[in-house]
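Letters A, B, C, D, E and F name the chains as they come in the text, with residue numbers starting at 1 for each one.
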């Protein structure tokens, strides 16, 4: 199920085909996962989404590719996006995340959630030492 | 303000003093931030919280210390924990996060949030290729 | 699966039947979706829930019916309620949301999520100009 | 600051006065907290909100009053509602929550958050044994 | 307080000045709110954020400007972004949202949150009728 | 599907077997639900998770066992953890939660969500009376 029609021949649209070709070339795989197939229902939204994901996730930057995937997993867990947790965990494994690293990441995300809830429960005042704007 | 009394002499309690001493020794600083001062209202909760934070955040492991702080920031932003965002951003800076790395982290967390909401809006079916349990 | 039993003959209960009749009359359809069938496990909860949904969603008010469905979708995405995203997207389409409007709504919700996470990461101080209570 | 004007003489409006009188009588106190003062900007919203809070929180029911406040705190922490955490923690204390009970509640909410994030990270399939609808 | 330095002379940087000039021209006001001042710590992040906000929020599209602000408020409330709730409520008022419309929006967002939590508690199975991909 | 392999013979690992034996003994049942089977992919994470869950949920404390399960359900709903809502609702029923208590719990969680969103929309200032740290 999905909230939009999943086109059966998405690449009949030339804008969709151009994005799918770029996904295949950038990721060096024939596999196009369902998020992109669903976004094909609106080519401008597909284009803008892929353009941003490519710029951050498939372009060399200060953070290494695996760290970026792990941060992405962390946010996706906290936002309870089932699809995103699946897709970015698969991507992180493909980029070298071992089972032990995955376990450490899950322990870390869970610990952060624990202290997030603790601090939100205590409503602790901010320490002046944290202020970067001072 | 806080939802618990902030004890004025927390270290009069020997269990609190032991934890505070360990925080100072582990972090090599005299500074004890307000979260720990607030947790002093219940020494067992203070002990168990510090014990877990120390085990994951102040002990060498597969992920390097700065990566761990950045994952912590990411989860804290998504869970909207103002105190945690402040404390872990300060910690990440102390461990070497530059302004440019901070900007990249914020761009990455924001992008993940964007696609999390997009995927949750589309309710895309999972791709079989993501299944690690197969 | 569900966390409550889904009664096979919910309308055997006269209070449930009265609510289901009102849903059919209000919505001009024979279709009763699963949320209401599940709520039949507790007639008072069914009654109070339908009563509030009807008062806001099926009664003329300042906001037009389609705008109300789009706001409902937005909140449901941010709260990660899969069932609600599905049911309110179907309702919005029935009230005239085109594919292009759906795409714009998703782009908007995603952009809001992006800047929400950015602002929560920056912990920007409030501008005095925003104060409506001044 | 607030996003609505806080009326200086809210009880000049007879509908607001009626609700405030009922709050004072129900809670046996002269104190009207800011949430109600802010809601006075729209008397119908004030009336419907108080009516529901009173029906659930100030009326004898299956769950005892303190348990209800603790559940309320738990949800408010997870939804990151700073105002609500403060107001319901104060209410719980007024209904008998000791410091040790508060500490246990916070430990429990934090543990739940931890395993919520762990399960959302693992994306574990549901066990058939959990199905109440079978 | 903030997690980044708030530059005192942000427009000394020509890229920042260009964005601030465009904000002033687009919004027809001299007022630059703190989010943009904080983003000045990293000109590329400032540019990409403004570029997306401008494209969606300050460009004519299928949804009218006030509807877009109300959807933005809805998402910001659900994501608990205090800054965003303040800034977009102020923007919605500037675009014509009356007090009564604001009250209706808050009632609607609150109702959606209520049924989101109800449906997430019931874990109701999806109705086949909702499937747009069929 | 899951993001980790579900081992077919998890108890071939002696650390996993020890935890599973303790779960069976503590809960007085042969049933080991999927969360624990999935955690078997990393025995240290399995051990630390079970150790904390056992300490809080299976050990007599100030809050009674059913109250603890209901708080757990409340947090799991707000965090949108489908698996956790299912598992803890089943646990609460096993500990005596009737259908009517379940309905009241859901009404309460939904009401809290409603006022959480209302207060976050109003951004009401805190009342000095709430301050426990004063």
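Simple rule for what comes next: a residue touches a chain if its C-beta (ideal position, glycine included) is under 8 Å from a C-beta of that chain, and two chains touch if they have at least 3 such contacts.
Small disclaimer: the values here were computed from a predicted structure and weren't measured.
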In degrees and to the nearest 5, what turn takes the CA positions of chain A onto those of chain E?
180
Among D-F, A-E or C-F, which pair gives essentially the same interface as B-E, with more than half of the residue-number contact pairs in common?
C-F
Count the C-beta pairs in contact for E-F and for B-D, then report the pair with the higher count.
E-F
Of all chains present, which has the mean Cα position farthest from that of chain A?
D
Greatest Cα-centroid separation from chain C: which chain?
B
For the two copies chain F and chain B, is the contact made of the same residues on each side, with over half of the numbers shared, or of different residues?
same
Compute the distance, rounded to whole Å, between the mean C-alpha positions of chain B and chain C.
34
Quick one: chain C and chain D, Cα centre-to-centre, how many Å?
21
Need the CA-centroid distance for the pair chain D / chain E, whole Å please.
26
Two or more other chains in contact with one residue: find those residues in chain C.
1-4, 38, 75, 77-82, 85-86, 89-90, 100, 105-107, 109, 111-118, 120-123, 125-126, 130-133
Quick one: which bits of chain A touch chain B in the complex? Just the residue numbers, please.
1-4, 31, 33-35, 38-39, 49, 52-53, 56-57, 61-63, 67-68, 70-72, 74-84, 86-87, 89-90, 93, 98, 100-101, 104-105, 107-109, 111-127, 129-132
Residue numbers of chain E touching chain D in their complex, please.
80, 82, 85-86, 89-90, 99-100, 102-103, 106-107, 117, 125
Note which residues of chain A are touching chain E in the complex, please.
1-6, 38, 126, 128, 130-134
Given the complex, residues on chain C that touch chain F span 1, 3-4, 41-42, 44-45, 48, 75, 79-82, 133
Mind pulling up the chain C residues that touch chain B in the complex?
73, 77-78, 80, 82, 85-86, 89, 105-106, 109-118, 120-123
